[in-house]
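First, the structure itself, so that you have it in front of you.
Residue numbering begins at 1 within each chain, and the chains themselves are lettered A, B, C and D in the order written.
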Amino acid sequence: MSGNADGLSFPTSLGTSTADEIRLLGQNLTADLMGRVSFGELAFWLVALRRPSPSETRVFEAVLVALADHGFTPTAIAARLTYLSAPDSLQGALAAGLLGGGSRFLGVTEDCGLYLHEVLQRHQASGGTLPADEDGWDALALAAVQRTRADKRFVPGLGHPVHKVCDPRTPALLEIAEQEGLRGPHLRLFEAIGRVHEQVLGRRLPLNGAGVCGAALADLGLPVELLRGFALLARAAGLLGQIAEERRRPIGMDAYLTIDRNAVYVNPDEP
Amino acid sequence: MSGNADGLSFPTSLGTSTADEIRLLGQNLTADLMGRVSFGELAFWLVALRRPSPSETRVFEAVLVALADHGFTPTAIAARLTYLSAPDSLQGALAAGLLGGGSRFLGVTEDCGLYLHEVLQRHQASGGTLPADEDGWDALALAAVQRTRADKRFVPGLGHPVHKVCDPRTPALLEIAEQEGLRGPHLRLFEAIGRVHEQVLGRRLPLNGAGVCGAALADLGLPVELLRGFALLARAAGLLGQIAEERRRPIGMDAYLTIDRNAVYVNPDEP
Amino acid sequence: MSGNADGLSFPTSLGTSTADEIRLLGQNLTADLMGRVSFGELAFWLVALRRPSPSETRVFEAVLVALADHGFTPTAIAARLTYLSAPDSLQGALAAGLLGGGSRFLGVTEDCGLYLHEVLQRHQASGGTLPADEDGWDALALAAVQRTRADKRFVPGLGHPVHKVCDPRTPALLEIAEQEGLRGPHLRLFEAIGRVHEQVLGRRLPLNGAGVCGAALADLGLPVELLRGFALLARAAGLLGQIAEERRRPIGMDAYLTIDRNAVYVNPDEP
Amino acid sequence: MSGNADGLSFPTSLGTSTADEIRLLGQNLTADLMGRVSFGELAFWLVALRRPSPSETRVFEAVLVALADHGFTPTAIAARLTYLSAPDSLQGALAAGLLGGGSRFLGVTEDCGLYLHEVLQRHQASGGTLPADEDGWDALALAAVQRTRADKRFVPGLGHPVHKVCDPRTPALLEIAEQEGLRGPHLRLFEAIGRVHEQVLGRRLPLNGAGVCGAALADLGLPVELLRGFALLARAAGLLGQIAEERRRPIGMDAYLTIDRNAVYVNPDEP
């Protein structure tokens, strides 16, 4: 720690201000950003430290839109029940909902982006170049799925409890990425996994929406360790919608009573 | 509760899905929303249940951009320290940061929107029509500030620890709202408060950025009880930026050690 | 800020340590506290800055025991759903459960302690002495309930959705406090409210358990603004029990699916 | 789901109530628990589904006392900053503090208990019996440390930034466990690791307090996957103490300003 009067120094490139100017990311907040960049652009910029192109923005915002709300998920219910209990603290209800954004429900986006990233890194670290055609991608995908299977791990991004044949977000996002010239190696590898996994796993599973979002975010060059953060940001908007609806047409009390009134007492000594 | 097989029914107008379609807000997610609406538009729509116009979107996203990050605020530091302690749980760090979004630092946006809304409602409830000119707004503002002072309450949205003369976000947002034809009654009343409060309070304070954002959101017709939610959404993006920077150029450990190493033990019996 | 080398100084009377000693509250942690004070005693001490007597400890721990778990409350369900979604983050599930500890469900303890405290303070500030007999307490209680009614506010601690006639925790805690010589002015006033409120409100409501806990904590001299904190501490233990049971005999997935499968889509345009 | 009128059934052995009785863990809350079991006993019982013996209670509460507060840790600072920002939401400040209870700072208790548990399980699964003397424990510990080193993983529970030679909590807790006849296999293995690790790691590290607490909790038969939960419960009491002190003698604003005023702006393009 060094740099000023009392020897303390905390570096940052984000927000800072003087009496008459506010700077953010090296820009003048009021002259360069407000009214000029969309909220999605700013969110991208805050993490990537560069302004996304219009094409990147379109893909990025399509991902956020895809992940914002999935109805009565555990996180949405948790947020509504917390709002029911503590309506004076909107931030608490929102935080409670986001805390469900862990490994099982919201983590697929990050897990999938990370998985694809590692496969590509390993391929390139061993001297491989990116495949030039579909057959090349299929070969790379097949080796990856086989290795993952051999390690007794799961391939992330496969399967969905409701969309058992095709998750409609997957072709939709692929098309948007194609239109914008952003169907990059992560998305191509993900598509190839969709084509080849049946050979290894013995059954055909759909490429799910959370997974394709992770692949698209990775193709945008966003840090794979932080992809969960974008799923959480998207979900923050969805949770606001859930809380707004809870005020307008509440279900929290009914949901709580449904559980509580159907409680069945089990002796603690029973196995 | 009624409506289906076992008598339970939980109504919602947000997300729902069948095997091959996902609907959100009555729209087809993949055909109508992804790639077609910005993330900011969707966030507005989720709460207001209507798609904002392009002008409304521009004002709304300018507000989110204005509120996203203010540097090393208590909430940013809390998020970074939580990430330092529990790097495996990005959602926890984000939630910890948002939990500071309460009455003191992030609440001004909501408090200000609510205050202006109540002044306007009371005026209209007593038969008043909206003022037609600046003098009319000044009279309404003066009466409101006087009443608030008499109640020994604070007028929200006035004053800023750094921007002591003028908060640059205030004229910037007013200009954007004016360009878009959205300088409505809440903003006009807020501006009038800026002109008249000195007569009552005895000193001139700037209209702060959090306050003008609350006024602009209220003019967009968003529910005033939920304005804090938009400040939290904006902050979620800012906190992602803070966490990304904490990975890239950490300050959490230094911040913690600065506090800990300068702890001075006080006997608990001392007053 | 002043006091040492670089001018920073953060005072504390809680934990501190040197290379071979840990101090807490001015005590030697290992020699004076571990194995010598109960966890409940320490929790009291940490807030009140004094060690409670054995009698105080018994009343205090009885309160914590009374408040620990109430079955499938909204907070318990929120914690279980969060654990379902993010099983890798126990702290997130616990935090999500505690975030429901707000005004509506867990806040009664604090509200009631604060209410009784204010009635007593007002009485003493206007020169009154504490009543010497039941009639005196009844008169004080009657005036308080009448004033609260006139202000169109609720008297906290009255009524319970399940225990409509008598909340069994109320006589139980009163008896423990009586045994320990700790049935002080807050409890006596609360009992008097139980006797007189029907005269004002027109119907007889039970004194509820959350309320009597608040009165007992206030009689222990704990700061009334922090009583909610003890309800939260008690609930933290209960939530651990809920999460342990969720691992052993899960209901989270069933609870979630019960809500989700009984979702009924309502057109967003419907009122 | 089955069992009653509308086919729903949510089993539980924790809290339940009728109009005039509250049951918890198969006990009558008011007749059997309040005033009869300490808060620590109840917390143990809620997870283990059995009442601890007085000896177990003494060890268990000593662990909670040891873990409650360590001064200005990142979690304590996060709780104080959140309280500064949102003083209306005590639950939010407490939750923010607990969210730092992850892998790095509070996780050692769980990691260590789990590690010792796995070593013992592997030993017994391969037909080994528990060692009868110190030499036997040393051999078991040596093999475990060597294997962990070979896997390039860390042995949890070793080392401390302040207590570089001896963490005073370790001998203190061992002594209490010995007094109560509860120095079981996890503690003995942990002690053996303390004796032999230098042979493998090349330097002598102290057995830290978080680690010895994990070993003691595992010896009490508590589920190793939930040990972090007890660290969090202990910390909940410590955080209440921090928040109470923040009200009495605040440091949050100074801490925040110390960071903010020593911010040094770095151009985002710099590496």
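Here is the rule we go by: a contact is a pair of C-beta atoms (placed from the backbone, for glycine too) under 8 Å apart; a residue touches a chain by one contact, two chains touch by 3 or more.
Computed from a predicted structure; not experimentally measured.
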item: Option in B-D, B-C or C-D whose residue-number contact pairs overlap A-B by over half; value: C-D
item: Of C-D and A-C, pair with higher C-beta contact tally; value: C-D
item: Interchain centroid distance [CA atoms averaged], subunit A/subunit C, Å; value: 38
item: Approximate Å spacing (C-alpha centroids) for the pair subunit A, subunit D; value: 31
item: Chain centre separation (subunit C, subunit D; CA means) in Å; value: 24
item: In subunit D, residues with contacts to at least two other chains; value: 6, 8, 10-13, 16, 71-72, 86, 88-89, 91-92, 95-96, 99-102, 106, 249, 251, 255, 258-259, 263, 266
item: Footprint of subunit A on subunit B - complex, ascending; value: 1, 8, 10-22, 24, 29-31, 33-35, 37-40, 42-43, 46-47, 58, 61-62, 64-66, 68-72, 89-92, 94-96, 98-102, 106, 162-166, 168-169, 171-173, 176, 179, 209, 223, 225-226, 228-230, 232-234, 236-238, 240-245, 247, 249, 251, 254-255, 258
item: Residue ranges of subunit D touching subunit A (in the complex, touch as defined); value: 3-4, 6, 8-13, 16, 23, 25-26, 49, 86, 88-89, 91-92, 95, 99, 258-259, 262-270
item: Interface residues, subunit A side, partner subunit C - complex; value: 6-8, 71-75, 77-78, 81-82, 84-89, 92-93, 95-96, 99-107, 249, 251-252, 255-256, 258-260, 263, 266
